[in-house]
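Can you read through this structure? Questions will come right after.
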Amino acid sequence: MIDIVIDITLLTFLAITAVAIVRITNLFAIIMLFGIFSFLSATMFVVMDAVDVAFTEAAVGAGISTVLMLATIALTKDQNEKQSVGRISWLPLAVVTLTGTALVYGTLDIPAFGDPEAPAQKHVAPYYIERSVPETGVPNIVTAVLASYRGFDTLGEVFVIFTAGIAVLLLIGDKRRKSTPGRNEGGENDA
Amino acid sequence: MSTATLLLLTLLLPLLGAVGIIAAGRYPNVREGVTLVTASLVAILVVIIAYRFLGGEEFALFVSEPIPGIAIAFRIEALGMLFALVAGLLWIVTSIYAIGYMRGLNEDNQTRFFAAFAVAISCAMGVAFSDNLFTLFLFYELLTLSTYPLVAHSGTAEAKRGGRIYLSILLGTSIGLFLLGILITWFVAGSVTFQDGGVLAGKLDPAWAGLLYALFLFGIGKAALMPFHRWLPAAMVAPTPVSALLHAVAVVKAGVFTLLKVTIYIFGGDFILSNDVTGGLIWVAAATILFASLIAMGKDNLKARLAYSTVSQLSYIALGAMLATKSGLIGASMHIAMHAFAKITLFFAAGAIYVATNKKLISELNGLGRAMPITFGAFLIGALSIIGLPPFGGMWSKWYLGLGIVETGQLILLAVLMLSSLLNVAYLLPIPIRAFFSKSAGGEQYTEIKEAPKTILLAMIVTSTACALLFFYPDPFYQLANLAAGGP
Amino acid sequence: MQDHLSLLLVVIPLVAAPVAAVLPQGRLPWFVALMVTSACATLAGMQLWAVVHDGVISYELGGWAPPWGIEYRIDVVNAFVALIVSGIAAITLPYALLSVEKEIPDHQIPLFYSAFLLCFAGLLGITQTGDIFNLFVFLEISSLSSYALISLGRRRQALTSAYQYLIMGTLGATFFLIGVGLIYAQTGTLNMMDLAERLPGVSGLKTIHTGFAFIMIGFALKLALFPLHLWLPNAYTYAPSVITVFLASTATKVALYVMVRILFTVFPNGFVTATPAADLFVLSGIAGILSASVYAIYQVDVKRLLAYSSVAQIGYMALGIGFASAMGVTAAIIHLFNHALMKGALFMAVGAIIYRIGACRMENIEGLGRQMPWTFGAIVIGGLSLIGVPGTAGFISKWYLVLAALEQQAWISVVVILTGSLLAMVYMGKVIEALYFKPVTETNIVVKEAPMLLLTPTWILVIANIYFGLDAEFTVGVAEHAARALGVVAK
Amino acid sequence: MLLTFGYGVFLSMFWLLLSGHFEPLLLGLGLASVALTIFLMKRMNILDHESFPIHLATRLPAFFAYIFREIVKANIDVIKRILTWTGKSISPQLVEIQLPQKTDLGRVIYANSITLTPGTVSVELTHDKVIVHALAKEAADDLSTGNMAQAVPDRVIDK
Amino acid sequence: MTHNLILRLVSKTVIPLIIVFALYVQFHGDFGPGGGFQAGVILGSSIILYALVFGLDAAEKVFPSTILRLLASLGVLLYAGVGVVTLYLDGNYLEYTVLADTQIAGQHLGILLVELGVGIAVFAVMLIIFFAFAGRGRP
Amino acid sequence: MYITASIAILVTLGLVLARALMGPTVYDRIAAINMFGTKIVLLIAVFSFLSGQQDLLDIALVYALINFIGVVAVLRLVAYGDFHSSGEENKK
Amino acid sequence: MDFIIGHYNYWIAIFLMMAGFYTVISRGNLVKKIIGLNIFQVSVFLLYISMSTVKGGAPPIITKGIEIYSNPLPHVLILTAIVVGVATTALGLALVVRIKEAYGTIEEDEIHRQDHSL
Amino acid sequence: MIVDALSWICLVAGGLVGVVGAVGIHRFPDFYSRQHATGTTDTLCAILILLGLGLQAGISLAAFKIALIFLFLILTSPTATHALANAAMHGGLKPKTDSTPGEGKS
């Protein structure tokens, strides 16, 4: 029962934080709140038994991402959104409502939260749970699946990170800000 | 030489010529030498082929099969032979003329001009010899593209505008309607190969057949049926040899030729006749004949008047095709040749006038006749041939068309034919009459004006003579037309 | 070797990427990339051959049997797409050498080629995999690297375009992820073949429908399907020439492949036609062809014009898919191939112009046709192919598309396809007119023809355009085979 | 050298306690990890007495006991103020206090202790003084008496 | 921040512990939550903390950009290389079973190496990214 | 008892979150976030005993760590406005 | 009621997604868009993990005496997805930095005004 | 048993301290005074709760990890508090101060 209480409370906090992030215009505050958001969602992962995910989300979302965002606003020196808070953009709102409705519609059929009879729990997953130790000798099933059964995904994942590194180096890897005047040739009045 | 080789040679020779022309671009004399040699060779080849064809030999060539069931292939049949003959013979004349014309006016980009010209001829040959709608369409489009630089030759704003109209209508109708027609044909009949008796016969509901025919009729924009005739007057911005090529030899004839081919080998004359496929459409041709003539009367620009005259004359051929009776088809086929010779004469004359006097308007021609007798003499002959008076070749085609109409019993069409002949008289004859008998507005004597350069005169003389000759010896063309129409 | 063919195709470029990243400046990274792409093109060719002759290849990564492990599953469809991707890459690289040296600062070149290889490997990974989540991972590899590569364009708009693409692309990928999640919730598997087995039993569920919709929208974003195409014109316009060439002729193709795969293999037959998806595809195709073509006409930047044209061409493929018939899918696959050829050639030619004069706006290129005849020739022939003039590859595509439309009695589509060709004629006409019929501007009078190293790859593609226009046996044969392999059946 | 070794032992203990596995492989990895850490520390130049205050070990328990008491006191104080909050129960102050400690470590521990203890937060720490924000005057006064300064283990370093 | 003594000292104390903890996470992914990725991030974080407190230049002296770039490549290559080795040993790609005599041992070794690769790569890339951001705009 | 503790922590979290949302100064937010992080660490620690999974303590440890680094980063940014200057010039 | 409790997780996750999504498509500040994107992604992760949970289950680490485990597969997927997310964020932020350098602003409107396009 | 009771007390007390501290950050008027609420209660709350848990854990790895968390919090929490106050001071945020008691709200 306490699980559910924690679960629901945290989710509510998440929702409040998210709304606040949408509404607030001070970027610094937004990033702070994003840190909270990450922590909260990581805690949600803990509550929902996804310990590895929680581990990673905390380290990445609340750690690296936040630090990078801070670095960005330090570099851009813009700490406030220019767009007025009160303005509601109707078209995006409509799109979002539509998407949300579609998703809610999609969840109507979905097995209830925690249902052990859900199809997702019945097909591939039990195999991993049963065979992980005999086949790989690794008690942490997530590691077994991650590194062995779906090791290729993880290889891809490492390459994703590597790509990000290459990309960041390409973009802002130069130690000094470039001041090449000719870079914007003819670009000013491009229609 | 084997038949296939001959065929291939006819197609490739102009292309080789084009390459040679580009290669020799820096030396005008060599370049024009190459042009003339190629043109002569092609003319000789075409005549040889015609001779052997009439002797009963089969000419066929398979190149490739891009899509299963649809090949790029060539096969010569009577109608194509006729067209090729006209194109091949007139190219050399036009070349001679063009050399004089271009030199006389000191035009820019002559190399491009001659090269594109040669490519256009190659394409026209491809159209003529094609064995199926696909191949025909391929060369039909290539023809449009290769003539675009010719139309827009001068590079002025007007020329480009003309070129744009030219391209957009021709490509537009062909891709929008013609291609659709081909696709539907393929879809319905499972074949687009030209066949005696038509591939569609019996496979298509007559009501739909009418629609499909309409697709072809309008889709073949080169046939310049109203309302898709605008490109032709617009293309008048081109230099005169080009106009000659467009209106007499390659482009428009390729259009009506295609129409005839579709009529005869895709639909089949019998199918059309027995199901009255073209019943309503025929009036489009009739209307075009009359309206174009009327518009022609109102034009003061000589070339524009000739252009509308062409529009009107092309519809004779369309009309003949849609009659689908044997005489009608013979008339239509022969008109391809007859009109070609006559109209090219007229254009040559118009060009000669321009080269010699820099005049483009009919109203300025008063009294010129005495200064340029040969030119206006040729013009008169061409005009008479177009009107259809003996002793000129144009008479034959009108005769057979008339016969065709009588066979179907649609006498109103006959009236149209008569009326249009009268209109022809009304818009063509005043021109030489003005030139010979009127005094120029200012009363000048044009002593300073001389005839155009010799090569131009030579070309005019050749074609006007041919007009007369064709009255007396229409045989080769008649034979081919007769064969095409399914005669013995 | 033979056994690991389909795997090596992905792993070789993947491994080469980090190597290229640490190589010293100079031409070595380029050489590595060239070798890798050539090797991949060869392997892809072998793979296609193997698949055509011996049937489907299944490769179990990590030695775990699917659906527990990840599987590479190659049939004619992905073998064909893999060949297109690696072939185009192999042709692009010789072209890249000079173009990149001109457009990218020296010290970034090793990283550039590394990112290029990653993008390449990502695209191949998407193509080869038989696991829907593995697909997502490789999708991200290719996407991330392409964002970076696009941002390297010389004008500052390259940055905003890349950003825009990043946002749209990530939204797309996330939508895809949502869709996969929903489907997983009801099937418990991620393997495509396994999904295909299990989906018929649950295909009536709302969750599955929503998941399907999200996957489709996600990939429609990646594919730049109208009206989700907004990122594409900018991205293609401002990216470095080489990247435009590469992405235009591969990235959207791969996205299209994924759509086809999911529509016809993963989801049961008839699912597409039972949902509004098929109609939406047709609708979007029609709208895309018309509006993007019209937009293209009004562009003054040639690259942008071609980019809009790409959106229109994607519309054609969408039409083909939307017909949901064997013929339609065949047509879409044929066009997928042909469009890669024609857009590759066109963007290469435009890149050659940029190489010489640094820009490609209409007013910059006036009269260049006479200074750069070979480049001009490539643009003309590429343009004709785009229009669909017979004798070029484009015609074959149009031919099959119209036939497919006729088969469905979809008259409006027929009209739209042909209208699209006409509009293509108008916009290509504009380019050609500017190149050739405008007098040479003073600055352009000294311009020389592009170097051989740029021209040769361009003309290889140009000739391919003509070759596959005259002999479509290979394309059509493979495409039909592919449509069969996908299991598309007529309505 | 001795310091390095000592620190190595310390880190090894740390590893073992974290790990709880005693298989040879993991022990080996642990050793490697410790070696790597030491290497990195050397590279970062942070391996010195400050980072490894083993010399204070003997005095630490007493200190912790003291500080814990202070913390509890502080909390009781703050809690009281919070719960009885009427808007008048605090009187924030800024005070400056001379530092008796001579080493950085000592000063830091002292400053942190100030923060932990009743109603005071160290705001600024410089070489010889610390600026403290106090919640109430009593707290500030309390600090000035220097009781805590005595408790902070400093003499070991001072020799 | 370097002048802030409290932070300096605390960081000095904490950083080695974080490093050991990161390595613990790296090698105990088999038994509990964690693994290469998390370890890489935590290790990276420790260096980031160092950079924050002791200055970016100091941190870059510890890990120069060339070394980081090499490490990143090394990490991914280690992972991919394990796959290549299995290919040589007649296995499928990443089929660790062939790495040792028994399946369990093979899997174990494979997973260990692979996770190590992940850790190195992630660590290096995280630092590359952070240094790039932090160093941008330096006068 | 774990339940009581976790509920208390949840209540605390809510209050702290409110402070983080309301501000008013940046420093208030940072302080709130710092406190939020600490409380989350405690929550996870408690939860680890509540559910009997002591592996979660590792996670709590990581949270504490990240929280610290995050706060340091924020502070650094607030103090210097960037991440690269050594700070010596600001020394008082 | 059971239905609502059983789907509460999903719905909140959807709500969060939509909040993120809305931020991405409606806000003009480039950094905020990235944050919105992050929220969107994290919420998707929540959705996934919600699916993996089994009532009364334990984290998927084999321990003696525990029979029911949560589904490990979504965990693995989300681990990968988190990495992808951070990679995207890093790249996006790097782009923002460059855009700021090139345009002097990180507001979309302002950028449009400067370019008259996009 | 006693251990249980002790840890019970610790946990509940810790929780309460936390709640009160959280109330404090709403009640106190300015940033610096709120710092007292966070800085001090945070620490005690952590100490008590971790102590409670540690008692439950007995001597085990878990206890060690709790100790580690404890160490971490105790090291970092005041540091962060101090650094924050420091930063606020440098950032120009003036504390509301008064020298005479009873006029806290000025």
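Going in written order, the chains are labelled A, B, C, D, E, F, G and H, and every chain counts its residues from 1.
Just so it is clear, contacts are C-beta pairs under 8 Å (C-beta built on N, C-alpha and C of every residue); 3 or more make two chains touch, one makes a residue touch a chain.
Predicted model, so just to flag it, every value in this text is computed and none were measured.
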Open item on the list: Taking the mean of each chain's Cα atoms, which chain ends up nearest the overall Cα mean?
Closed with: C
- [ ] Using the touch rule from the top, point out the two chains with the most contacting C-beta pairs.
- [x] A-G
Task: Centre-to-centre distance between chain H and chain A (centres being mean Cα positions), rounded to whole Å - done: 30
- [ ] State, to the nearest whole Å, the distance from the C-alpha centre of chain A to the C-alpha centre of chain E.
- [x] 21
Open item on the list: Using mean CA coordinates as chain centres, what's the gap between chain A and chain D in Å?
Closed with: 36
Open item on the list: Could you pull out the residues of chain H that touch at least 2 other chains?
Closed with: 21, 23, 35, 61, 65, 68, 72, 76, 79, 81-83, 86
- [ ] Enumerate the residues of chain F that touch no fewer than two other chains.
- [x] 2, 7, 14, 26, 30, 51, 53, 55-56, 58-59, 61-62, 65-69, 72-73, 75, 79, 82-83, 90
Task: chain D residues within the chain E interface of the complex - done: 7, 11, 14-15, 18-19, 21, 26, 29-30, 33-34, 36-37, 40-41, 43-48, 50-53, 104-105, 107-108, 111-112, 122, 125
Task: Contacting residues of chain E [partner chain G, same complex] - done: 31-33, 37, 122, 129, 132-133, 136
TODO: Mind listing the chain A positions that touch chain E in their complex?
DONE: 51-52, 54-56, 59-60, 63-64, 67-68, 71-72, 75, 135-140, 142-144, 146-148, 151-152, 154-155, 157-159, 161-162, 164-165, 168-169, 171-173, 175-177
- [ ] Over in the complex, which chain A residues touch chain C? Could you list them?
- [x] 102-103, 105-111, 118-125, 127-128, 148-153, 155-157, 159-160, 162-164, 166-167, 169-171, 173, 183-187, 190-191
Task: Contact footprint of chain H on chain F as seen in their complex - done: 1-2, 4-5, 7-9, 11-12, 14-16, 18-19, 25-28, 30-32, 34-35, 38-39, 41-42, 45-46, 48-49, 54, 57-58, 60-61, 64-65, 67-68, 71-72, 75, 78-79, 90
